[in-house]
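By written order: A, B, C and D. Residues from 1 in each chain.
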């Protein structure tokens, strides 16, 4: 009996003990920031070459070691020159000659000064070396890049290209262009096979140690951090060490955070966050309370139609299917009510309010289908707010609801959907829909098995369409099949997410991306416009948009017209924006960006994460 | 006077089933003396196999010793094999009492060489070196007329008859006082059968011990035994010296058994005994043989017949006979 | 011969075998639940949002409800049916192919034996999980319960085939069977009347084991998100509960129901199979 | 002579099996709707790597060239065999280009082999010894208890077992702190005590989970086999001979019941090379299973072929070894 009692005491004791992660000797937990690795285990941890197709930046390389010419503050949508000074200067009206200025006094981590030679070398490397497979595009674009002086780069293009900065500046995750040290890379024979280990870049941290199995990476702050781009631009990053560590499954990451062994998590499901916040009083997300997550992820999630496959080539059929979707339910079941509705084909970002959403608001309310039906429902956000108000005490007035849940979405109106379908020759017998040719209507929605949002939307929409009378089902496939099926047009409806954008100029994403020139017959591979949607007017506007620099006000003007066409046509239909629940555990570190302190976006896995580091403060807990 | 080696007193051995006890051996008494070859005879299911297993102390669920004694008398000690400690049992087995199972191809461990299987029991008892034991074993096999190279074989390489010889050799190697043989020749062909019986008898002559042999085949008993115990439905019907039993059987059942035996010069097939043995869950009242008995009397359904000695060493349990051996049946009819 | 056989004659009924009785009773409960009661579901168990979310077990919802607005009890009933179906399809197809291939190879010998065994060994050598995943891609979308069972059966026949061949080889050596061959008996008659009876106990055990393995395999595919996620199965039941962190969020009824159901289903099949085997074994001797 | 004939024909079958298996495995992914180039582009775009349509188009073309996927399936097939036969080279991984497949496998395989061979052997021994005891002494209370426990554990999906262990031993009672990888931070793989101790500690939970599940499996089959053997006449005869229970159990019951288990062990040693996907996922343990799973989800044909080839070789070799050695283990079996 006594033994049992002793044992129980021991168990209770060990219960109260929180086990800290074991760090190497000489490194204390209080000066170490532990970060999650977005993509999990790194397959080849020896590979530090950002131009190798298989490189991984999310384990620290591009967040704390590398620096880009321009990072983006994804909260404001504004570029932050990091290595560059100011913005690219067009030297002529046709945008073929450019000049880029660099900051002075930045040094590579091996002590060599960072100069225009490095930038010119890097550009020419991309423009001339065939073995770097991702950059073939640069061969056709760059004619010459040279250092005019130590801090000035001159670039000449083979053809006019107004969007030059989008190649050099981070828009979402990171840019195509990563500057490399000339003094190291000029000695390399084969750029595609070069491992670049240990990595030498301008960032404030250097690689100290890493797991040969790719589960963790330890970085140490440079002694001369003030000679990094970040040090020159923002200030001193606080943590002395940064440990990238992947615990694996969501369950384990939750436990790790609750035990204060993980300071920052890349993404949790709404349920995972629910589980964490009940266990860890130090855990914190973007909003203090519901709906918690950061709603500014640059891709809206929804469904995509294959416009080359009947009956999805008929826009009224597409509209009917949209009206058979209950977005409120999608939000509730798929995301626990935490996401914003996205009626537009760009994500529901704060940055888009002023250029697009507000100016188009009255238009979208009045927008009507050919039969005069007005599909837009601005009441949906209020409805959702009211649903969650009792549980979370949130305001339900239209303005607050708009902030939380967006501008609205399309009505859930199976009656109108039925009317539309019948007008197109569809018939309904015994609650089941039949195609105009008399066959039963079956739809397979392809979802991305590895992305929760895509999976859940596919399953919920399939369920809703079944209730509407269509024999719909969802097929979840892995990444490899998902993209391939899109590229060859081997799908009917999918939950892909082409509706991306972070800056007002959406030319590089849905602008050029939905140009009719990319459309290929089903069976042939196309990398863009996999919806195979052909619209002459839209393509003309896209061509027009290409001619202006991203900062030009004309871009937004054209953009609004393009959005109108997309709304009318619906080649793909975003349903909700993406809310990233990217919590932090503030036991050791505080000063993280939040809704109340929006100096940056909580984009831990993007290159711009480094901009947050100087704002962090240690709590002093041991 | 030959030494008594075994006494069986009121042995009751049942089988436990969901429906109740099956009275496989019910109140059986007899003794066995040194130098005797005793046969246990009866139809299938009469309890003879159960009895011989019990004599060996080989009682496993659902078999259950209920009461009585089967005393093994060794050097003045009494060991009741019905209720004995496992360790005690192991001490006497193979040394004082051995058991030869029914001939089959599955008695020897198929994956071990004969040598090893032979030595297992030998070494344990003798506590001798393997090599010495081996030599002894070889010598013994030779004396029995078995080729010593069987020792290096696996069981499946030997014929059924050879396997049975090996088993008998194993069982008798340590010169036990009692050898039990449970249907030792069944399933072997006639020529081999004779050889095996011969071997058993030779060994018995050599060791001067007692041999108890169970067989449903009266021919086997005729050939080898000195004394026969006839069992019917868990009880002893008749015990007597072999030639008396064969020449002058008293019990109607014994007579039927002997009549069913084929004889030289027979033209027609001998008929078996009509009817079938009773259900031992609920054996018939009175004499258990009464439903099949050609000479059934009224008393046979009411009273269990007692064992009476009709002549010296010849007992019978039948209402037809009184103590003096006079038949009562004629009078009754 | 032995008085033991007396006792065996009395215990002829399989209902005297405790394991069988317990296993079979449980199995019947599952079969009734899956194939009969599930048809009386008040709502489509696959549909989302048919009941209020995350309610603990109550009289109205005996096993509670999920975050998806499904009733766990009715989902489970349907899931038991579908899981059993997957198991049955895989076991029937796998067993039939395995026994046929094994017996054919074992009795024909020579070239046919070599070819059949090479094919069998191929299916043993090729790792099943990656191929199952790739095949799941091939069956675009309509990965119905039947298709899932068939996919799983692709890899469930090879091992049994090898075992049956080994049995056939040893049976072939037995006198009465070679006698039958030499006396010119039709091969299929020998197969059915002489050989098959000998493989029956093994076949039953293998059949039930195949059902269990298939149900387990579906559950593994499900946790990787590769099962027919829209259908209710025991595997998808666990998948959804894991996806919505039922354990951490205290929704124990959601995760426990399919797991416990799986355990009981296994136990019932296991006991039934054991009981049957014991019964057959006792009848043989 | 008989043996030589048998050996030759068995080895011919062995190579046929390997050839057919690999052809099969080569073709299946190529007829599935997966494509390595699309997968890589998909990963880059899904990450939100901002890339304009023109750049994507150009990238598609050059990647196909770099990956050597330009030719027909037949040409690729010929190439594949050429590379393998001329030096065992599986080419570069697509998803982790330009890292070579051989290198990736070399990094992961030792972890897998060490964890799985250890746990397989442990659970095999435990399962067989305990299974033999309970099967032989089936009426003892502990046999019944053990059998019931095994019967209940066996059907629990493996990931539930794993998760329960993590919750129990890493969270509620944090005896084994959660970790990822094969060793702790700063401990480098090498042959010294620090590393081995650390690796043992890290591998404890995954190993425990595998042993629990593996034990259930081996135990139940050994239990059943031993029950059958215990009914055999030779076991009764051993008892008749007066052998002790232990002697009978080990020399008679176990020795006979073990035969099929030895075959099964050889085969499971072969399947070790498949890795243990769910274990690796749940415990973040480095290994070949996750590598293979990643290869499939990213359509990394070369990596897929590399791992599956090794696995096919291992299993086919295990089968071959079993077939050749079995007559030595079981004297009753002859070559045919």
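We adopt the following convention: contacts are C-beta pairs under 8 Å (C-beta built on N, C-alpha and C of every residue); 3 or more make two chains touch, one makes a residue touch a chain.
Note that the structure is predicted; figures quoted are calculated from it, not measured.
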When A-C and C-D are ranked by contacting C-beta pairs, first place goes to C-D
Central chain (distance from its CA mean to the mean of all protein CA atoms): D
Distance from the mean Cα position of chain C to that of chain A, given in whole angstrom: 44
Could you grab the centroid distance between chain C and chain D? Build each centroid from C-alpha atoms only and quote it in angstrom. 23
Centroid spacing, where centroids are CA-atom means, of chain A and chain B in whole angstrom: 89
Let me have the rounded angstrom distance from the C-alpha centre of chain B over to the C-alpha centre of chain C, please. 49
Quick check: what residues of chain D touch more than one other chain, meaning two or more? 32-34, 163, 167, 296
Touching at least 2 other chains, the residues of chain B are none
Touching two or more other chains - residues of chain A: 251, 450, 477-478, 481
Which residues of chain C touch chain A in the complex? 46-49, 67-69, 133, 137, 140-143, 225-226, 229-230, 243-245, 247-249
With touch defined as at the start, can you tell me which chain B residues reach chain D in the complex? 56, 58, 61, 89-90, 93-94, 99, 101, 104, 106-112, 120-121, 124, 154, 156, 167, 170
Residues of chain D defined as touching chain B within the complex: 139, 232-234, 236-244, 247, 251-252, 255-256, 259, 330-332
Taking the complex as given, what residues does chain A use to touch chain D? 11, 14-15, 17-19, 21-25, 41, 43-44, 46-47, 52-54, 130-131, 133-137, 139-140, 163, 166, 170-176, 192-193, 209, 211-216, 218, 243, 245-249, 251-252, 255-256, 258-259, 261, 298-299, 448, 450-451, 477-488, 490, 500, 502, 507-509, 512-513, 515, 518, 525-529, 606
Which bits of chain A are touching chain C when the two form their complex? 250-251, 254, 269, 271-272, 274-275, 278-279, 329, 332-333, 336, 444, 446, 449-450, 452, 455, 459-460, 462-463, 466-467, 473-478, 481
